[in-house]
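In what follows, chain A forms one complex with chain B and a second complex with chain C.
And then the complex of A and B:
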């Protein structure tokens, strides 16, 4: 058995406190989501509901529910649809961005063409440009192209590349062995075949890491969808939640409905965390190290 | 002449390779050109105009920048943003460091890191909403907790004096886990023999932290502080959801003020001017910080 040092005696309670504070708000969201709307205030300071009901979940998903919605400020937001939009938005940006950034990253790492290094340096410099300076011109462009409230407009700025993704993948292509490429070339494979069949499969690990990082960002993205995707037909979960809040009143919102919708929105993420915990943790850890 | 023939075919091959290289880079280059390079230039262009998106933009030179200098609301938003950064960054960094050192020393299990990262995996919007619930005067657990210890209930997000701190606390809650994770990764790179040697010489925990951990962690520390600082100056989501700049403009941060000018008052030119000023400030801050923290050097050498 380990010796109980003073550090441990002080340290473990602090760690426990960190875990408790990290999870408590999420637990309370789940609790209120399972509480009858009338009960929300009467059970306010307890960690468990007085009585459980799936009703809030059903009604924010647009399903028939035992809870009389008319008694509350009925919100017309269909969260199942918002969830679908979030899935589409995330899937499009993540796959597009990884594919096109991998193409570019591979070319920067492995191919020779005039201006290559200058171009790469320009991409690298773009990591310094904060989104604050980009969003007005990008919004204006999307509006002028008539792409407001469309998936095309939502994904346009990120589906082809982000400087980070290009830089990240180039680093891995640089350090991969060249012999396999050469062997494939001798067998008459085209450059794209070499990329697709040989170079890309080797990078499964880094690509998974990048996919995790990008999925988290896309799933949680608020600002850009808030500007260009307010229409319910393309509205993602984060925007729908914010709209739900402002529709039902900031002072006295429909707490049980709101918390049910929140739990719905974080369920996929928590499920991912439980299944792929180690990989997510390791991916995030590498994101800070160059 | 075989040598010459080979030269020609080599040149052809090079040309073909270059062409394919350009094709590979082309999609990313289009994205870079249209959504990074041109907008940066265009932002400066728009900032020199008076434009409400309906009529044609009117060139006003540096007029917007002159207005900005004497705009009390702008300076107020700068002040409020700075206050937010000064609450958020030190708190997040210190707590993250504490958490990283503790888990490095006491609990390296992956599930612990997976748990503390959970708040980061949910969106700012959700973080804002669950904390509105937690801080609610009637419903919230926080006030119930305070009351239990005899402290009178606080207004938090509804109070002009506490709203900005509350927003900063929400951001800190969401980001501390990530900060800790990055520091934790940095700690793994510090060779264990340094601690063993220090321990043999009778160094205490605090001395080892100050003499070994902190100096060797500096590159990671610099990276984390710089990136979170840049993000922190651009705080928007939590404000948009939880306070909408209020109460009484106490959380009207710069990005919210830019948003209001662009999309509520339809002053695209003025909003762009503010964003350009913020951009310039951020670059300056980054360069300054990299310099002060000497980010690229470790003390291990």
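And then the complex of A and C:
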């Protein structure tokens, strides 16, 4: 057994306090989600609800529930459908962005063409542009293309690439042994075959890392989907939550329903954390971002 | 008939010229070794044959076809890299089959050809493994297997044994020689290890500073080195080089005085060129030309250290003028550090002029 040092005696309670502080909001959301709407205020100071009910979760998922809330009944939001939209939006963004960014990153790392370094510098410079600045021109473009309220419009700004993803993958392609490309070239593989069958598969680790980072980002993305995807047919979870909050009365929000929906929306992220926890921590370290 | 013709090729990297007009020819089925110190341009030359480096000037043709600027895939050459360059995410089978798979060779034929290569290289039980599950020697075999299945016109080896330990290197060297005999393909082999060059090559190309110093059979290079560089580079233990001065020169021989010698020595001809009396020369003695000779010593050397190899002994000694030399003794020599050895030389030694060129060669 480890020796109990003075540092540990002092350290563990501090760590426990931090864990408590970090988990408290999550727990409160879960608790309120499991509370009857009428009990929300009466049990507010307690860490546990007076009585448990799965009703809030059932109703936000569009399933029959014993709990009826007037505002919700008036205009129900199908959170299961929003969840599906979020999955589609995230999957499209992540797969598209990784594929195209890998192509660009590989080209920058391995291919010689005039203006390569200048172009790459432009990519690097683009990482410094705050995304907020791009919202208005992007919105105008998407609107003029008639892509509002479509998945195409939702994913358009990011599916082809982000400068960060290109930069991230380029670094890994650069560090791969050049001889592998050369060996494949001698074997008669085309440039794309070298990329697809040799260069890309050996970057499985970095690609998984990038996929995790991008998934979390896309899943949590609110502002852009809020601008171009308000229609229920493409409305993602984050936007649905916002709509849900705004349509219940200001003085009397449906807290228990909202919290149930929030817990529902973060379940996939939590699942990812559990499965890929170690890789996420490593990815945050290697990317040096966030 | 010439199979590979390299004609006055140069390679320029920016302002640096690393290959400076090299011409080499190889016959079909020949095993040619490029040897030289680091930075002599031997690997660059190999990569130019493969098409992995552009040729700045000159031409390269294989089997009569000018391929100077052809794509690597169109040259029908296979290369074994120093790092093996095995695809880490593929099994041994897929590594060997890769070229055939991208070229859409029928599956049954791929299977048969991989099986044949695996048989030659004795790697049949390893076909399902990934490269990281293989030892260095096994990886080497897989890399050679990948080359063999393509039935290339020329095999290119870029220092393929330098990542292996000494014992495995010797073993693989023999394997490569066997493979060459079995498949009879033209092979170009780059190494900085002159023992590999001597043991494997039909012909050796000695390179230095981007230029060819000498081309010849191993024995030719050993017996008739064109210059001091080749003399020092080829042969292990190295040739002993003693500086001296010509006292007189005639068709019969030279009279040379060396600080290491107790008295001027006559060195018998024939010589292609005769140096002038008074000019500086270097006497080159192969280890086997030096013998311990108490009866009629020509020079002496002080023993520094002896290496007992079991069957023979290598005596490391220093002459009076400070030149280090190695004397091989066939028996277990009973000499100790600090002893003075009486020495003479048994065959007519090499003599190099002040520019380092062998006076016995035209």
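Just so we're on the same page, the second predicted complex is superposed on the first by the 269 of 290 C-alpha atoms of A that agree within 3 Å, B and C clash if a C-alpha of one lies under 4 Å from a C-alpha of the other, contacts with A are read in each partner's own complex, and residues count from 1 in each chain.
Heads up, the rule we're going with is that contacts are C-beta pairs under 8 Å (C-beta built on N, C-alpha and C of every residue); 3 or more make two chains touch, one makes a residue touch a chain.
All of these numbers come straight from a predicted model, not from anything done at the bench.
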Chain B versus chain C as contact partner of A:112, first or second or both or neither: first
Touching partner for A:77 - first (chain B), second (chain C), both, neither: neither
First, second, both or neither for A:188, with chain B first and chain C second: second
Chain B versus chain C as contact partner of A:180, first or second or both or neither: second
Superposed model, chain A: greater residue contact from chain B or chain C: B
First, second, both or neither for A:198, with chain B first and chain C second: second
Contacts of A:155 with chain B and chain C, given as first, second, both or neither: neither
First (chain B), second (chain C), both or neither touched by A:260: neither
Which of chain B and chain C A:214 touches, first, second, both or neither: neither
Contacts of A:169 with chain B and chain C, given as first, second, both or neither: neither
Shared chain A contacts, counted only where both chain B and chain C touch the same residue: none
Interfacial residue positions of chain C with respect to chain A in the complex: 50-52, 72-73, 77-79, 81, 83, 85, 87-89, 98-99, 102-103, 146, 150
Residues of chain A touching chain B in the complex: 7-8, 11-12, 14-15, 18-19, 21-26, 28-29, 32, 40-41, 44-45, 100-101, 103-104, 106-108, 111-114, 116, 119, 122-123, 126, 128-141, 143, 156-161, 163, 166, 191-192, 195, 216, 219-223, 226-227, 237-239, 241-242, 245, 250, 255, 258-259, 262, 265-266, 269-270, 272-273, 277-278, 280-281, 284-290
Contact set on chain B toward chain A in their complex: 14, 17-22, 24-25, 27-32, 34-40, 42-43, 46, 53, 98-99, 102-103, 105-107, 110-126, 129-134, 138-141, 144, 173, 176-178, 181-182, 184-186, 205, 220, 223-224, 230, 234, 236-237, 240-241, 244, 255, 258, 262-263, 268, 271-272, 275-276, 278-279, 282-283, 286
Chain C-facing residues of chain A, complex: 177, 179-180, 182-190, 193, 197-198, 201-202, 204
